[in-house]
Every structure is written in C-alpha cells, then in structure tokens.
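Think of it as A, B, C, D, E and F in the order they're written, each chain with its own count starting at 1.
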Amino acid sequence: MSTNVCRALFLGRFQPYHNGHQALIDHIVQSDDVDELVIAVGSAQWSHTLRDPFTAGERIMMITKALAGTKMTTYVLPIEDIERNSLYVAHIRSLTPPFEIVYSNNTLVQELFSEAGFEVRPLPFVQRDRYEGTKIRELMLQGEEWKKFVPTTVAAVLDEIDGIERLRQIAKTDKQP
Amino acid sequence: MSTNVCRALFLGRFQPYHNGHQALIDHIVQSDDVDELVIAVGSAQWSHTLRDPFTAGERIMMITKALAGTKMTTYVLPIEDIERNSLYVAHIRSLTPPFEIVYSNNTLVQELFSEAGFEVRPLPFVQRDRYEGTKIRELMLQGEEWKKFVPTTVAAVLDEIDGIERLRQIAKTDKQP
Amino acid sequence: MSTNVCRALFLGRFQPYHNGHQALIDHIVQSDDVDELVIAVGSAQWSHTLRDPFTAGERIMMITKALAGTKMTTYVLPIEDIERNSLYVAHIRSLTPPFEIVYSNNTLVQELFSEAGFEVRPLPFVQRDRYEGTKIRELMLQGEEWKKFVPTTVAAVLDEIDGIERLRQIAKTDKQP
Amino acid sequence: MSTNVCRALFLGRFQPYHNGHQALIDHIVQSDDVDELVIAVGSAQWSHTLRDPFTAGERIMMITKALAGTKMTTYVLPIEDIERNSLYVAHIRSLTPPFEIVYSNNTLVQELFSEAGFEVRPLPFVQRDRYEGTKIRELMLQGEEWKKFVPTTVAAVLDEIDGIERLRQIAKTDKQP
Amino acid sequence: MSTNVCRALFLGRFQPYHNGHQALIDHIVQSDDVDELVIAVGSAQWSHTLRDPFTAGERIMMITKALAGTKMTTYVLPIEDIERNSLYVAHIRSLTPPFEIVYSNNTLVQELFSEAGFEVRPLPFVQRDRYEGTKIRELMLQGEEWKKFVPTTVAAVLDEIDGIERLRQIAKTDKQP
Amino acid sequence: MSTNVCRALFLGRFQPYHNGHQALIDHIVQSDDVDELVIAVGSAQWSHTLRDPFTAGERIMMITKALAGTKMTTYVLPIEDIERNSLYVAHIRSLTPPFEIVYSNNTLVQELFSEAGFEVRPLPFVQRDRYEGTKIRELMLQGEEWKKFVPTTVAAVLDEIDGIERLRQIAKTDKQP
C-alpha cells in the first residue's frame, strides 16, 4: 500500500450522537496530520433497549446530517460487535477504508489496536459528565430538556423516527396487572 | 413516523464500482421524488475471491469518492449477506435510514421488498454488457485497459490498495509443482 | 394475502408450562375474533440452566399435551432468541403461520410489534404470583409440592424426562472438594 | 428416562407438503409400535428461492392442517440446517420430544442417527416420481394442474399466502433491460 | 467402534495454566485405566478481558510446554463456548478423539455428560484456593509474585507474549480525562 | 513480543492424513530455521461428507499419532472455516501459538498471509497425484488397497473409528425404493 492519505478511526456507540461527540470530531478534524476520518458506529446490531435504543441506521443518519458541513472526507459505518476480541481489529479493518490512527480512551480498544501496530491517540476529555449518552437518555425518559445537548440535526432525526416515544415505551415495566 | 423526506435504496456488490453504477445513480439523483439515497454495499463480508476481490471498506471508499460532488445526501453502507431471505428486508432496514423506494432489477429483491410493502422501481438498463463488473475484473486479470470503465477516483483507490495485484495473485492456480 | 382466518401469537418461555399459562390461553381461545393460535416457545436454544432447565422439545411436548383437548387449531413452535431486536419480528414471522394479533405484557415485545403495525393486546393478569415459573422451579428444587401448579399432563412429561432430577443436579454447587 | 411411549421422527423439506408425504405419514401412523410422531420441517431458514419457496411457518401450516384428522399425537417443528453434520442429531434432539425411531431414506441422515444409536427405518417408496416436490413446483411455474398432487388443505394454504405468485416472481430473470 | 484404548477428557479455561491444573493432570495420568488424555481449552474464543486475558493459542502453548515430559499421549485442543447447552457434548466430541471418561467438578458439565451416558469422575480438590486462576491474575495485576504458582514453562510463555503487560493495560480504567 | 523461537504454520484438511502430508512435514522439520510447527486442521467443522468424511477430532488423532516420534514440538489444532476471508489470518492467529512462517501452495492463503506481513513459503511437490486425499478416499470406496498410502498409525485410527464403513454408507444413493 503506497498512499499519502492519512486516515483516522473514531469509534463510538452514539446513543445518541451528541455535542460531546461533535466536539471530539471537531478536535480530530483540526489535527494537522489527519486527512480523512472513519466514524465507526459500534454495537450496530443493538437497538430497542434502554442502553441502545436507536438502530445503526438511525445513528448513521444522525451523524451524517450533523457532519454535513464538515470539509474533511468522512465515512460513517456500522460495526457489529464480535464476540472474539482477537478478531476485532481485523473485523473493523475489513469494513472500513485503510487507516493508521485510532482515537480512543477505551483501554481494550487501545490494547487491541496497539498489539496490531496502530498508532493510538487518547481523546481530550470534553465535558464528559454533561454530554454523555446515559445522561441524555435519562433526560429523554424524564421528559426534561435534552435538545440542547445534541446538534439540531440530531433532534430532527429523533423527531422523524419518533425516538423519544420508543425509549419511553421500552422503559415501561411489564410487572403491573 | 411523520416525515416529508423521501429516501430510496440502491443495492449492489460494486466489485468494483464502475461507470454503469454511476449512470444509474445519476439517474436516481435526477428523479423528482427522491430526496436522499442509501447505497447498500451487499455481500459485505466477502473479499479476496475472483468474484468479490475487494473488501466492503474498499468498496465504500470507491463509492464515497466517486460521489464526492453529488448534491443529494447519500449514505454508503456495508450490508452482509444473511442466509435467511425472510429476514433480509428487516436486516437492511436496521442498518439504514428509513426509506420507501427500492431500485432493483433483481427479482428476489423485488419480491422481498414488494411483500414488505415497499415501492419497487426497475432500473433503466445502462449499457450493461460494457460496464458490468465481471467484464472489468476480466480485463484487470488480462492486463488490458480497464480504467476507462470506472470513475478516475475509483482507479485511484484501486492503486492505493494494490487491488489489481491482489486479483492476479488470487487467480493463480496452485496446481503446479 | 386474502384470508378471513384471524391468527394470534402468544409468546413465552414456558419453564415449565403452568396453570397460569393455561388460564391465559383459555382466555384467548374464548375471544370472539381469534380463529387460530400460534404459541411461540421463546429462548428455544436454552436448556440445562436454573432459569431455563428444559429443552425446547420438552417444553413443546408439555404444551402440546396440555392443549390436546382444545378445539382451536394451535401451532406450538420453538423460537430461538436473536441478538438483534430489529430482526425479532421478521424472525418470528418466518417461523410461524401469518398472524395479526400479538398477546403480550412485555413492553419490548409490545414496542417491536407495534412498530411493525401489529395489533398488540395486553394479557389479563392471572394470579401471577402464584403460578409463575420462577416460583415453581424453586418448589421443585426445595422438594416441595409443585404438581398442583401445572396441568397433570405437564407433570407426566416432567416425570418422563426426569426433569426434577436434572434441575437439582444443575443447582448443586461445585465449590466443595 | 423411563417411558413406555415410543416416538418416531420423520424429516423432510416439504416444499410443498404433498400426497407422497401424506402417504408416508399414513404408513407410519399405521405401524404398531409408534405412539407419537415428530415431523421435522428441515431447511427451516430457507424461503423465497426456486428450490425452497415457502417459509417454515407456511410449511408448518400446510402440514398441521393436512394432519388435522389424524388420531396419533403429532408435533410439527421447524429445524434449521446446521453447518456441522456432527452436531445434527443433538440439534434435532434439543428441539423435539424424545424419540427412538427415525424414518428416512437419506443416507447421511441414516448414518448420523445410526452412529448415535437410533433405530433407522427406510421408507417405502410411494410413487416418488409422481409426487415429488421438484415436479410440483415445476407444474406451478408452468401454470399447469398441480392441485391434485397435494391435500386440499395445502392448496388452501397456498392460496392464502399467494404462494404460486411468489414462485413465479422469483423465477423471472433479471437479465432483460 | 472396537478399541481397547481408554481416553479421558479434562476441561478448563486455563487463564493461565497453573500448578493446580498440573497436579490434577498428574493425578489423572497416574490412574490405571486411562490411556490417553484430551485436554480441552474452554472459552477458546475469549481473550483480552480481565477474566480471560490469554488467547486459546497462547493457552495451548502453555499447556503443551508444561506437559512436554509427560509419558501419556495428550491432545490439547481449543473448544469455543456454544450458546446451547444441549449441543455442548456433541460439540466437544466432534473436535476431540473419542473418549469415555470425563473429569470435572462442574455440575453442569457433569449433568450434560451424564445424560449422554459418559462416566463422570470428580476431581480431587488440590489446594484450590492457592492456585486458582483468579488469584494468580490478581497477583499479576498487583505486581506481586505469581511465578511460583505456575510451571516455569508457563512463565516463559507469558514472557514471550508479554502477557502481564496486556493484563495491566486492559485493567486500566478509561474514566480519567 | 521478544522471542527467539521461530514457529511455522502448515495448513491442511487431512481427509485423511497421508504419506504426502508426512513427507511435507518431514521436509519442514528438517529446515534449519524452524523451531516449532503448528499444524492447522482446516474445515474443522465438516465431517460425514464424501469430501470431508472424518471429524476434526479424528483427524487430530491421526496426525498426533503419526507424529509421535517427531523431535520438533508440534501443535495439532482444529480451525473452522470462517466465511470472511478478511478475518481468516486473525482467526487462525487467535487459536495458535505465535508464528512467523506459513507453508502453503494455496494462492488465497498465500495472498492473505502476505498482505498481513507473514513470510510465505511454497511447499515442494511430493508425488501429489499418488498421495492426494481424493484418490485415497476413492480407493477406500472401491474396496481397493489404500493402507500403503497412509502411515500405519493412521490406518489404526481409521479402524478404531470404523471410518471406511462410514464413508461407504454416506456414498450410497438414496434413490432406490
């Protein structure tokens, strides 16, 4: 492989895609040595649970619309979990354009890509406690204000797919008579 | 789901993406009633065979670069085969943004999406015999001129991934001493 | 599809099939608008655990024998779990006769079938605390009276397969020397 | 396991269930030493192909209705193919009530169940060339008379699911412009 | 099958292989009626987790080297978990030479092989609390002395694969900025 | 990884293991720069077919016994096929000790390991037409002399598992009445 294009990978579950993700991607886009960015939508097979309410397709739509104005070439791709850590790097590589750099703070991801010879870069911590997905899903369930924590394009997607209603329905208990 | 956006699905193997595909996508992009286009890269799990030499990631790179100038919002996504036809529509829907129209000349795809209530539209036949993938892979193997049948961006991707050399290596027989 | 037959789906794990299930099925059989009933034996791939001691085949035998006298046409079928909620409805539909109504109190099942356009009906609560499977398996383990909570045909099946002995063997701890 | 009930297994693809199958089952039902019959619908995951047009659920519906009057207790169950012959017997056993006898003329099935210690009985040849599935599907495609080769209840199921139309749609070629 | 060779199965996860395992195998090797020993490396698909840090290949290397001097013929084989207990015995049998005896203290393993007609023998308790894998992995993480609890050949393998470093990297939390 | 041990991989289906395989392994064992040999039993999940009659466990037993006298440390391991060529190298690596050299004449195997940076060495052609598996299985079926083409230990294993009888049973046609 002889190429001068340098691609980086950014991996997340994006349940939903929020301002914290956006800030991290803005950070990567501004780095001098990255030319193209691969955004991997992990746990792609999951949906309709409290932890993973949205389908891979829905999450891809959120991200694609949020990045519409980005100048860098981006690839937004679903990656299903694979129950064998030793195959994870090969699994991701087979579904993505070739890349050299991996952005992640997950220590398992760091270890797997390091063993495979990739350059692994930590992510700067961007107001994690305010933006993280768990908190946003909780606000959605409580009927509180969540829209300010996500890009407006993401809120529009959630409207289109009736996402808040789905989350609330799943959260109901089936224990009552 | 209450949305006024109309999305269409276009499904192919793209081994490789060629001018015939490009002409079909140009045709869809010009239709009045399609707002966004989902391009599904089928048989995503296959690579390194004579029929499917390129990985899903490589094919996605080809298509994304070829469509860089397109005004319509497009989603280019890998779809693995699933050995149960009766799950195929649900499988694709879970990995893609919601869509209503399916462009395909494949009668199985037409039947499956028709049974599921989708609008299925046939594709106009665009010089099929000149552009089809089998013929282009054959030209690659024979060392003949193939670049004029694919977008220039696709030829550049094939250079980056050393695609022609891979195809030739796989085509060698292991029967000699 | 042009048919006047209306089929309903009833989904459970049936570990084991008990009088509570029987009461619910009696309730469905008496509804005016249901002609045939599909009984789906969920988590069909599980057996030999404290939560799921009996195989799908054993559970199907329990149910078939318990329903021997029923006038309504019934189908008793194994359904393996599928680790993708977005495929669950298609998965069940491919293994069952066509149906229109789903009886369930499980909110995930309700949501998945509602999104797919099915009529979902809640089940009346029939002495849940007395009859539920967990409690019956506990009685079996403790050597207490459990037979009165299941149809006599089910007790006969459990005898034939030596089911109580299996449950007790699995429950033993392997921590002693 | 201490039981006096003797169950037998009969395995087929049933694409569709026809008079030949019915004759074989009538033969088994009349044997003195079989008390209950398990009918396994093989290749359950396949549908929507020329060789396997009907889903497992549809085939189960055909068989259940055709056997409505049978006095013997029968179990009609879907069995997915498993790509490991050495697990096939255990796979079937886990999804079916316990059985001791296997009726089959397939030599692989005979070998696998023989190695596992089952009694394997050959089936009498019942007008194979007239009734076999391939021929009936061919008649359906040609628009010729096929209804006399299947029980009337099966013809009714095929009407309900619009089965002939599906078969014809799949059989169309997608090679024309 | 007419053979006078008697083989036994010993099943473990071996994370890592330690002196406790070695003592148990020494015990089996000395039994009068066992001629050959099959050592099944369970949960073979797992690696790179705190509970299962080492790959199947790495564990097989540990055991093979530790048993280099053993006079008995041994087979050291990877066995992936299978999410269906009812197939587990057939799964193991298909990947191993024929065996008749199973050594295990795990009650599920005992039940599954007993139901399948195997002779199941309990293992003598060999200083379990001192040698067990959990404790050794904890020592590795704490930087305390662990080498005396494993054969020297195993320590050499862990050096070659940089195993302690992997374990420590995985154990780091990703919660800090 | 800092090791001075050099391991090589030799991959085959071994249906059955024969003198041609033995000659190739003798050749590898004599090379100056290989210290240990990993023998991968491919298509491990297949058995009971005309092309793949013997289980992985049976083939492992054949090879282990045939190599009993070998001085080099060998690992004989089952490797199931994986329907994704792009994962094949990672799949094998996760189940084997670390290796650097791959012996193979198969062009796909050569390409996959070359792309992954391994040294690939062709095998010398050792009387291929006399020894190859297809021919030996044909002799077994015809009742002709096959024992001289395999090590005597392999013939003993085939006797123990009644292998020839299995092959002949599978080869029977089920077309007769």
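In this section, contacts are C-beta pairs under 8 Å (C-beta built on N, C-alpha and C of every residue); 3 or more make two chains touch, one makes a residue touch a chain.
This structure is a prediction, so every number in the text was calculated from the model and none was measured.
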{"item": "Required minimum of steps from chain B to chain E, each step between chains that touch", "value": "2"}
{"item": "Intersection of contact partners for chain B and chain C", "value": "A, D"}
{"item": "When chain C is superposed on chain E by its C-alpha atoms, the rotation angle in degrees, nearest 5", "value": "120"}
{"item": "Interface numbering overlap (same over half, different under half) for chain B and chain F", "value": "different"}
{"item": "Euclidean distance of C-alpha centroids - chain A vs chain F, Å", "value": "43"}
{"item": "Length of the line joining the C-alpha centres of chain B and chain D, rounded to whole Å", "value": "37"}
{"item": "Distance between chain centroids, defined by C-alpha means - chain A, chain B (Å)", "value": "25"}
{"item": "Centre-of-Cα separation between chain F and chain C, whole angstrom", "value": "46"}
{"item": "Residues of chain E touching at least two other chains", "value": "45, 47, 55, 84, 86, 93-94"}
{"item": "Chain contact topology (line, ring, star, complete or other)", "value": "other"}
{"item": "Pairs of chains, among all present, that meet the touch criterion", "value": "A-B, A-C, A-E, A-F, B-C, B-D, B-F, C-D, C-E, D-E, D-F, E-F"}
{"item": "In the complex, chain D residues that touch chain B", "value": "45-49, 55, 166, 169-174, 176-177"}
{"item": "Chain E residues touching chain F - in the complex, by the definition given at the top", "value": "1-3, 5, 44-45, 47, 55-58, 60-61, 64-65, 68, 73, 75-78, 93-98, 160-162"}
{"item": "Touch list for chain F against partner chain B, complex", "value": "83-86, 105-108, 110-112, 114-115, 124-125, 128"}
{"item": "List of chain C residues in touch with chain B within their complex", "value": "84, 86-87, 89-91, 93-94"}
